[in-house]
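Each of the next two complexes has chain A plus one more chain, namely chain B in the first and chain C in the second.
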Partner chain A sequence: MKFDISYIFDALPRLLEGALITLQVAILGFCFSIILATFITIVKTSFNSRIFNGFIAFYISFIRGTPLLVQIFLIYYVLPVFGLNLAPFPAGILAITLNSAAFVIEILRGGLASVPKGQFEAAKSLGISGYALWWKIILPQTFITSIPPLVNEFTMVLKATALLSVITVVELMRVSQQIYSANYHPVEVLSATFIIYFLMCFVVSRSSVFLEQRFKVKRA
Partner chain B sequence: MKPNFLEIIDINKKFGNINALKNVSLNVSKGEVICIIGPSGCGKSTLLRTVNWLTPPDSGKVILKGEIIGSDTGKMTFEQNRSLNEFRARIGMVFQQFNVWPHLNALENVVRAQIVVRKRMRDEAEKKAIKILNEVGLKDKIDEWPDNLSGGQKQRLAIARSLAMDPILMLLDEPTSALDPELIGEVLSVLRNLVNEGMTMLIVTHELGFASKFGDKIVFMDAGEIIESGPPNTILKSPKTERLKLFLEKLSLTSL
Partner chain C sequence: MLEYQIFFDYFPMILLGFWLTLKIVVCAIALGIPLGLILALGRRSNFILISFFATSFIELFRNTPFIIQVFLFYYVLPFYGLRLSAEYVGILALAAFGSAYFAEIIRAGIDAIPKGQLESARAIGMTDWQSMKNIILPQTVSIVLPPLTNQTLTLIKESAILSTITVHELTMTGLMVQGETFRPFEVFIMVALLYWALNETIASIMRRIEKRYSRNRKQNKIVRSKIDIIKSSGFSR
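On to the complex of A and B.
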């Protein structure tokens, strides 16, 4: 069987549609995971409650200690047993969010550790507290130092979405499976899929350089 | 009798087993400049930090213009938390490590709290910031990022940030200790202007020259207690206690 490039061109429109779904799942999942992780980080630091922090530590070790594939199955097949039926797309986003949040919490912990205690004290001594303290003073510094690991985490998320094909989210990997199981040309179709994944990740990881440049002046 | 401007009454603070402050009381009248000196670890910074409740004392009261700062019961109610923020907004604090915000430029550093806490409009806040930055000699550094400023400039920026809130009391925690010797002068001259304007100040310092010239009172602390206090001349020229004598001897040795 010889490599026939015309199969790539035939498959391309559908593959790009799939890539769009991949991007949607990745971006939504990652945004939710950042929101969740930020919220957890603030609660962890502000209240310093042993019960809450213990629960979060357990959650993180659970997420890190089990395969993402198993977590995806768990959310898609086990949650319905408890009466929570999710369509593949939202189930996929939920799985990505819960998984990525564990890693983002750890990334933000590192970023927050690099913000000196004096930054909190200076803000407090001026009467800045609560929401403004975090939103205007602490979080900007935390996120600026966390740009490289956060971008790295996003590329991990982008690639992890391929696993969602197993719960029939019609993203790039799923689409390519559908195409080659119909035309029996996996080599061409998978090559195209491979290149599309690579291009997406390449653009994302290059954006790290851009973002760092953009905020560089602020940390020089 | 007219109540004192600031009253610190019987403050106690323990860190683990260490008594950082033991029944410390201090009265400050309006416009007074009080310099707190003492060996490292004697509790002088802690005393300063209990005034605006950055370090809540274990017991004792801090009273500013007749109102209690924080709480004297240990627990803070929501209402007390809010009034604490209002107190803090009126009490400027300057730190040894400057603690300017690196993600904001000089102007924004001075503007931010005015907008967030004082609820000023941006125009008004910027106008005020520019005026104050001008006063501390940072006119041409308005758009600069803190990381591009020298230590002395950072500290002057930090002072400007406090002044923009129209403080009625300034707490300065070793404002010149982290500076290169040739940069100390520019910060001290800003402080001198503040003294001349009649600002009430509590300064933890090792600059005995500044203390004796501009301080109305020098407080000597050791091991969490106020050992001696009085006008600079009496304290520095004729110390009564052995501990103060020893401390002053050590300081003059290092300046040789």
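On to the complex of A and C.
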């Protein structure tokens, strides 16, 4: 058998469609995980309750200690046992969100540690609290210092979405499997998929520098 | 609603899968670290061809999902006439994936050693390889140990993906038991707990070793700060 490049061109339009779905899943999952992680971080620092923090530590340890694949199976196969039937797509996004949130919480903890304590105290002495304290003062600083690890986390999420193919979410990996099981040319199709994934992740990971420049705090 | 009988009936089978996961990960690390070292040195090489090859290998494997690497190995090797069983393909894929990350860790470790060390080694007449082997690499060990541990934990977790090419490791065994019993909750909790226990055990052992290392060794400040950078960048799934 020879490597036949024409199969790549035949498959390309459908692969690109799959890549769009992959991007969709990754962006949705990442946005949800950032929202969830931000919320948890705020609750963690403002209430400092031992039970809540213990629960979050347990959650993070579980997510970091088990394979994403097993987490996906847990969500996809176990939730129906409790009467919650999710289609593959929302189940996949839920799995990605819950997984990524654990990592984003850790990232935000690091970012928050770099915000000087004086910022909290200054806000307090000015009578700023609650919404304005977090939304206008603390969170912007936290996120700007967290840009590089967050971009890294997004590439992780992008790569993690490929695992959703095992629960039949029709994203790039699944599309390529469908194509090569129809034309029996896995090497060509998988190579093309490999390159598409590489380009997406490479562009995203290189964008970190650009984003850092864009959001750099300008001090006179 | 939990059926405890499943835990007793299928635990031996699950343990068998766990044992294969362990074997696969150990083999992958044994292959991956030397390969990673070669790649790290290759990336620093003065020959453009070698450094280009090493760099592209590292970047390709770091910027693609592991699952597609597994499938590529699974289909490409027979395409070029190399027929291996799924287990061996899995070990190779895991080793290749790991080596790209190992290479970056080792490279960061080498960069953290003050430049004067290499220069003085060269100045007293050691060859490039001698100064690497006798001067630089021994000093990097304590620096790269924490991120290497982290990467090992990642490899354990990524090995679950080998179930997609029918390697009968822990996750695959779990899927099979699930197919027999139709009790996904019990089975996957069992599987998840085993992975979790393994990861936590390794992590706590390595933390203890690290502590001993950092007590015995007084390192200068530059190296310390670089260690912190490497540690903080070591987020892994």
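In the analysis below, the second predicted complex is superposed on the first by the 216 of 220 C-alpha atoms of A that agree within 3 Å, B and C clash if a C-alpha of one lies under 4 Å from a C-alpha of the other, contacts with A are read in each partner's own complex, and residues count from 1 in each chain.
We take it that a contact is a pair of C-beta atoms (placed from the backbone, for glycine too) under 8 Å apart; a residue touches a chain by one contact, two chains touch by 3 or more.
This structure is a prediction, so every number in the text was calculated from the model and none was measured.
Taken together in the superposed arrangement on chain A, chain B and chain C fit without clashing. In the superposition on chain A, A:136 contacts chain B only, with no contact to chain C.
When the two structures are aligned on the shared chain, A:159 is found in touch with chain C, with no touch to chain B. Contacts of A:116 after superposition: chain B is touched, whereas chain C is not reached. Once chain A of one complex is fitted onto chain A of the other, the partner contacts of A:125 are limited to chain B, with no touch recorded for chain C. Which of chain B and chain C touches more residues of chain A: that partner is C. Contacts of A:144 after superposition: chain B is touched, whereas chain C is not reached.
Of the two partner chains, chain C is the only one that A:191 touches; chain B does not reach it.
Using the contact criterion defined above for the overlaid structures, shared-chain residue A:66 touches chain C, although it does not reach chain B. When the two structures are aligned on their common chain, the gap between the nearest CA atoms of chain B and chain C comes to 23 Å. Residues of chain A touching chain C in their complex: 1, 3, 61-62, 64-71, 73-74, 77-78, 81, 99, 103, 106-107, 110, 149, 152-153, 155-156, 159-163, 165-166, 173, 176-177, 186-187, 190-191, 193-194, 197-198, 201-202, 205. Taken in their complex, chain C has these residues touching chain A: 59-60, 63-69, 71-72, 75-76, 79, 153, 156-161, 163-164, 171, 174-175, 178, 184-185, 188-189, 191-192, 195-196, 199-200, 232-233, 235, 237. Note for the complex: chain B touches chain A at residues 52, 54, 81, 85-89, 91-93, 95, 97-104, 112-113, 116-117, 145, 147-148, 158, 161-162, 165, 171.
The part of chain A that touches chain B in the complex is made up of residues 116, 118-119, 121-129, 132, 136-137, 140-141, 144, 217-220.
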